[in-house]
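Naming follows writing order (A, B, C, D, E and F), and every chain is counted from residue 1.
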Amino acid sequence: MSNDNSPTPFDPMAAPRYSELATFFRAPLAQSAKGIDIAVIGVPYDGSVTNRPGARHGPREIRNMSSMMRSIHHSTRRNPYEICTVADLGDVRFSEVFNVGTVITEIESFYSEIVRCGAVPLTAGGDHSITYPIFKALAVDGPIGMIQIDAHTDTWDSFQGSKFSHGAPFRRSVEDGLLDPEKTIQIGIRGAQNTTEGWDYSIDSGMRVVFMDELCEAGVDKIIGEARRIVGDGPTYISFDIDGLDPAFAPGTGTPEIGGISTLDALKLIRGLNGLNLVGADVVEVSPPFDPTGVTALTGATFMYEILCLLAEAVARGR
Amino acid sequence: MSNDNSPTPFDPMAAPRYSELATFFRAPLAQSAKGIDIAVIGVPYDGSVTNRPGARHGPREIRNMSSMMRSIHHSTRRNPYEICTVADLGDVRFSEVFNVGTVITEIESFYSEIVRCGAVPLTAGGDHSITYPIFKALAVDGPIGMIQIDAHTDTWDSFQGSKFSHGAPFRRSVEDGLLDPEKTIQIGIRGAQNTTEGWDYSIDSGMRVVFMDELCEAGVDKIIGEARRIVGDGPTYISFDIDGLDPAFAPGTGTPEIGGISTLDALKLIRGLNGLNLVGADVVEVSPPFDPTGVTALTGATFMYEILCLLAEAVARGR
Amino acid sequence: MSNDNSPTPFDPMAAPRYSELATFFRAPLAQSAKGIDIAVIGVPYDGSVTNRPGARHGPREIRNMSSMMRSIHHSTRRNPYEICTVADLGDVRFSEVFNVGTVITEIESFYSEIVRCGAVPLTAGGDHSITYPIFKALAVDGPIGMIQIDAHTDTWDSFQGSKFSHGAPFRRSVEDGLLDPEKTIQIGIRGAQNTTEGWDYSIDSGMRVVFMDELCEAGVDKIIGEARRIVGDGPTYISFDIDGLDPAFAPGTGTPEIGGISTLDALKLIRGLNGLNLVGADVVEVSPPFDPTGVTALTGATFMYEILCLLAEAVARGR
Amino acid sequence: MSNDNSPTPFDPMAAPRYSELATFFRAPLAQSAKGIDIAVIGVPYDGSVTNRPGARHGPREIRNMSSMMRSIHHSTRRNPYEICTVADLGDVRFSEVFNVGTVITEIESFYSEIVRCGAVPLTAGGDHSITYPIFKALAVDGPIGMIQIDAHTDTWDSFQGSKFSHGAPFRRSVEDGLLDPEKTIQIGIRGAQNTTEGWDYSIDSGMRVVFMDELCEAGVDKIIGEARRIVGDGPTYISFDIDGLDPAFAPGTGTPEIGGISTLDALKLIRGLNGLNLVGADVVEVSPPFDPTGVTALTGATFMYEILCLLAEAVARGR
Amino acid sequence: MSNDNSPTPFDPMAAPRYSELATFFRAPLAQSAKGIDIAVIGVPYDGSVTNRPGARHGPREIRNMSSMMRSIHHSTRRNPYEICTVADLGDVRFSEVFNVGTVITEIESFYSEIVRCGAVPLTAGGDHSITYPIFKALAVDGPIGMIQIDAHTDTWDSFQGSKFSHGAPFRRSVEDGLLDPEKTIQIGIRGAQNTTEGWDYSIDSGMRVVFMDELCEAGVDKIIGEARRIVGDGPTYISFDIDGLDPAFAPGTGTPEIGGISTLDALKLIRGLNGLNLVGADVVEVSPPFDPTGVTALTGATFMYEILCLLAEAVARGR
Amino acid sequence: MSNDNSPTPFDPMAAPRYSELATFFRAPLAQSAKGIDIAVIGVPYDGSVTNRPGARHGPREIRNMSSMMRSIHHSTRRNPYEICTVADLGDVRFSEVFNVGTVITEIESFYSEIVRCGAVPLTAGGDHSITYPIFKALAVDGPIGMIQIDAHTDTWDSFQGSKFSHGAPFRRSVEDGLLDPEKTIQIGIRGAQNTTEGWDYSIDSGMRVVFMDELCEAGVDKIIGEARRIVGDGPTYISFDIDGLDPAFAPGTGTPEIGGISTLDALKLIRGLNGLNLVGADVVEVSPPFDPTGVTALTGATFMYEILCLLAEAVARGR
């Protein structure tokens, strides 16, 4: 990223972690997904939140904190950057950020190009509404499966007259045939609601809903097994809403619910998904204005790294 | 709360959660407890803290965060607002806030009126000294039992010459015949002390003291059983000092002690108390000036909601 | 706001300022503007910001800090509450918060009712886009004049395809015949722009644009004179964007520009507007998530109080 | 402060400023004021505040920030530590911190001992109520004069039934013949009040009250002259309430009022008091819990240093 | 910065300001200064601070906040990006960040390459020690002049045995013949010191030292004249230490001194330097860990923009 | 610490915890370790961090928070201050804080004097590099054993050309024969790395490395057993890097890694080490600038107290 005429090429990983511009994981920037295995993308959009805003600032701050991520995973001793090509593709560009229709179209279009190039997208949101247009780009060959970490099912219908709030993406996705509810598991669900509509939709449509109560009772290992059973070897997406975690671990989010998953359990859960047929993933709802310690963005960046490791293995297997 | 001539009455629960004035749980305000089943009250007093102040700001900020609470509990699928009438009764009004004697009298008087109306009080403190005058109003027919979540037994004697510090309410309550020590359980006790006086008083008077060591060893389920056994079907009060929780979950409090209860365990514990003969409850010691993320006030508000659900069931059973 | 059967009625001004629910200025709540001289209203909407969000949380936090405001102005020794009736009317209620068209309609409708009752509205925003629908309700008898404190002229045209961003309200207002540009003065303008379009529109339409450079050079007294000359005795609105102030005095806002007005100068400026024919006012763009010290909300509340004093005098004169 | 057997004695001023325990100005600790010219003392008491607490934490945090103070004043090129002996006397010790009567007695007693030793006290508060007992110790030979920097006159009568709130010290002092109102000037007064009682008392008793309006109009130089004229060569105390400053410069205080003095003007004002017959001084109302940037404590520490320079000159002249 | 196949090239200035990676001013990244008029560079180094650290995080956060900067200056109506080519050259890369000798060499080497390409460097520090090696690269044809905004002269000699602390760069620069003291003006100097050594060196070597006292007395206009007179038409560097500003405007710095320059005065001062023969500039000592509101980084970014405008004019004149 | 002529000596433990200067645990200050059993020391040095700085401010803030610690341990009912003599020895004094060689020498020299006096050192860092010179002073009779709580093995080799970064102390200690790798256990290791070098060195040299995965799987009790088995009855040091804890419990540190030890587990672990032959201990890497809630410093202070209890028992046994 700088004038460097020395024979040894600059290794951003060897530089102090606070230096240089913050790309995701200190990966190179790319103008196109051509030749890239895993495209890391920011979607700085929070126009569909029902409560506290700020997730529009998520991609910047996750990039910033992702400089703390290094390469070799301590458990697997695998280095995703040796397994595949990773690049920061920048952010989705909006021409009409107040128009949810255009926003959806432009996200879909951006991801369609990624998919066309054969790259697997790993996304930093943004609010959870962005997953719906990502699915529009990904599910071109039929509905996909999903493992969702979240406090909320996000299968509600309308909020304040909008069918595209961040509480609705998976209802919309099922309705549009993008998401296969029978191959969907939602983990970490909790918190009071004013109607049971969303919980009901998830369950009635065939999704496997794991409330926190069950997760605590059954333990993470059992839920990993359940998740693997449900998605099987079909194309699967991981959607990680940071509010699935307990606010002690991730206070900087718009609709925190206490009594959530610990990072230790969530790390175990994510690592337990290795070997699946993963076609994309996102980490959403990190809201930096509500994160004075920065720990939420750090946590978001770390889960992006952990999922990157899974995606890299999936890419490698797919060759 | 606003001019609204439309035929459909305004539903504050359907409004964006950051809108309107913050009453507890977006419940209606009431000038009197007449016709109210559960009266939610703020006691903005921290004149008896021995360490860091700020709990006087607790009721305001808990009200603010309580807007995030919705109605139907995800585990029970019960809606407390359908079961009984809930209102925000405002704050106890002080005419001599520097005079602990008058403070005690005015709190007692406020709650006596609530009790006279037949309402069950649910309180947001304030420091823990406020529970003593609440007991004065509640325990008119003899001593009551208590389930206390706390890092400290609050059965110390004098501090700096005062018998009414926030470290003393339950010693005073036993002495006055308001609290039955044999029907009292204190859960989450920990942290060094300069004398064993408080621990000794609790144990010697017959209270069941569950130190964190025992809670960890025995598990929450056993302690729920123990709590239910001890209070039996007698009139029981829940006093939830936010410092019973670990400071990772509740940093905004005056005398934090690390190594406390997690919110997951505390939620399980509270939910395990359903069916008891509950006559009132409080959540105390939330200190907003030490809570830059707001997570402590959110946690306080959530436990108030969880306890509200228990109180509503008790009210319904009592009809 | 609470059960109080004592013969002396409760005086919220005599209570500790951290106690009770936070209404604007500890004024009574009202369901309608009937019989109210000055209606204080919150508009918790920030769906039109082009940059950092959070002003949706403005009304709540301004209410909170407004408890610090007392009654008798130290310069004039006048008490606005003795001069006229003031009430907190709550917040504008939105049924489609993501739909800017409906938002505009609902704000207009809310204010039309206020105007119909003969009350003068004093508003806490929200982002600056809200002033346009307020003008729709106010300017029923022809365009009104305006004294605007702001870093930006907010007379830009479209942003990201929207004609209703918070950078556009006064262009829209002129186009709709709601605002008389010849009776408009914009004070405190500064900061680089990507096009001169907004500055040009203001100047070309006949507004008096006072850049910070001129304000510093000429001094506040001269600008007061200029403002009074321009609005004359016509119906005049004061729109106070908190970003008109320097970020040292008001860091918690979405688009801060350094080198702004000091609070001392702004207070002098506002106080210099006494005697004008004021028909309404707002304080907008306070964004609590970017205000860790709370000083921006305090500043917003204080300017609302200062303007309230002006409005009260105008109401009194109008009798 | 540490084991140091080297021949060159340790110079705390040469050590990194973040090192060692924080005494005031890195001065030595002393057990007694014997042989000390200027005794620097903390009074960690905020039991008399009417609004936001936290000034009890003031002495610690002012000590912490005072490590940034060095010795030679840039304007005078004088080094107070070469002119006289300065020591940190620790904090006033309270045995009954909830009993305002005992608090007053113990503060008075502590300062009487200082005075008996012939030392001049420089104090870090604590809330402003502490100046009254300090006056009890200092004004043994008749009432003294005062130059007060403050947003409030602190000559109110009772608040919530207490005659000793932080809004009352100077009314009590005049009543007790400790403070000569004719030799008192109050600078920076502003902000609405619910009654004119305090302003009236100050003016009626003969104090010179300089509202912010006058300070801005007249300029600092004129007010310096006025202050010097009023106190003359009589024994004079400087009481610096940090809320005299604008909250942009000192947000961390309990009752901030916008539109206050800038630090530049306040520095000029203080420096303009050189040559007076100073017998003591304090800096009060720094509330660290409301000071996330630490700038208020830094400002408090700097004004303590500036006043220390004045006191040192007064001590030197008095020899 | 992203895959964009549309015929209209992406204009980062038209995108929402929170989107995309944060380069300085949303300018393009460049690997080399070839063809670049103004090279914007980060130097993330704070290994030479004597007090509070954190300036190593300055370049990242200044880049982040610089997204808020737009193109056309409101006073001059000039757009620096139309006048010349601006690029973000990334950060200086360190191979031995703990070795001050290597650090100096690597900074010098980086800037020598910039100079060789004919670009003018505009730098975001980092602590003030970095200006010394920048001068090594710039002053190849003889000593240059300097206009320095700062609370400290930074002409001290050794601190803790090091001749290269952030208090020493200009003494070292004079000694090495890089800086012409007779063509140097230091503005904003203030704050106590433990020795007069630095002040003495500045004055004795012929620098013009403008203490805050003089700046306040004389006014900014006179000091502008003085600065222009001193540097004349010789090659001149602007070094802007953010601690030259008052901490109300820039709290996030390692050695704040109250009573500093306001941003309004500093803006006037910088704008008054137009037309000089500027060869480079820096903004240093922004320390994000001490800047919870972000206002210091915003201020740093804005002064970088203001100086960029001056540099652009100088480049244009030089053609 | 203050003038106190009363017959009853002042008991700092009975004073309000926010009062007086903050020494470690409110223990007395001492100029020498003579006659002291346990010497508590601050090492305010962070010149060797590879990432975020600030640990230089650790000793001050840990001292501040340590005032909250009281004397009698709630589990053991033992009071370390009755068992042995504890004093605050102040901070290690640096004469060349930028010169890592001198820093190492001066730390070693300070601790050698402590050891010569027969005191056991308990240290608050500072970054982890400081343990190496402490070992130089302690391991005079041959290599010692260590129980290390940490996210990182700190057995890396060079970073940025330095062999003395905070990632290297234990490699250096083994190389110098100060640390016996066969008597070393590292607990809590996790987080990606760019090379396996450090992990490999630890394992290859014979250290027992307990990754978080194993700790979770095996449980704390088994790891306590493992730790006791490994160190046996040899002289053992406890080195507690606060980043061994999860950032939910300790966000204020330079290189946080999510998925760490909870305070409950860490407390159990530390308490499980009673009876060992402990010769010293430290708590390092608390970085106050990244700790807005103060919870990290509180946690550091509490673990220092817990370890103090162990050291006191070891001292008592050794008599």
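The definition used in the following text is that a residue touches a chain if its C-beta (ideal position, glycine included) is under 8 Å from a C-beta of that chain, and two chains touch if they have at least 3 such contacts.
Here the structure is a predicted model, which is why all the values come from computation and not from measurement.
Peer 1: Fewest touch steps from chain A to chain E?
Peer 2: Step count on the best path from chain A to chain E: 1.
Peer 1: Look at both sides of the chain C and chain D contact and report whether the same residue positions are involved, with over half shared, or different ones.
Peer 2: On the two sides of the chain D and chain C interface, the residue numbers are mostly different, under half being shared.
Peer 1: Compare the contact pairs of A-E with those of each option in C-D, A-B or D-F, and report the one where over half match by residue number.
Peer 2: Selected pair, repeating A-E: D-F.
Peer 1: How far is the middle of chain B from the middle of chain F, if each middle is the mean of its Cα atoms, in Å?
Peer 2: The separation of the two C-alpha centroids amounts to 38 Å.
Peer 1: Could you give the separation in Å between the centres of chain B and chain C, each centre being the mean of its C-alpha atoms?
Peer 2: From the centre of chain B to the centre of chain C is 39 Å.
Peer 1: Residue numbers in chain C touching 2 or more other chains?
Peer 2: Where chain C meets two or more other chains at a single residue, that happens at 16, 18, 52, 56-57, 94, 97, 160, 246, 248, 290, 292-293.
Peer 1: Taking the touch definition from the header, please name the shape of the chain graph: line, ring, star, complete or other.
Peer 2: It is other, because the touches fit no line, ring, star or complete pattern.
Peer 1: So which chains actually touch one another? I want all the pairs, not just one.
Peer 2: According to the stated criterion, the contacting chain pairs are A-B, A-C, A-E, A-F, B-C, B-D, B-F, C-D, C-E, D-E, D-F, E-F.
Peer 1: Can you list the residues on chain D that touch chain E in the complex?
Peer 2: Those in contact with chain E are residues 13-14, 16-18, 68-75, 77, 246, 248-249, 262-264, 267-268, 292-295, 298-299, 302, 305.
Peer 1: If you look only at chain E, which of its residues touch chain A in the complex?
Peer 2: 1-5, 10, 15-16, 18-23, 29-33, 42, 44, 56-57, 59-60, 63-64, 88-94, 97, 110, 113-114, 292
Peer 1: Which of the residues in chain A end up touching chain B in this complex?
Peer 2: Contact set of chain A toward chain B: 50-52, 160, 189-196, 199, 211-213, 216, 246-248, 251-252, 255-260, 290-293.
Peer 1: So in the complex, which bits of chain A are touching chain C?
Peer 2: 46-48, 52-54, 56-57, 94-100, 102, 160-162, 164-165, 289-290, 292
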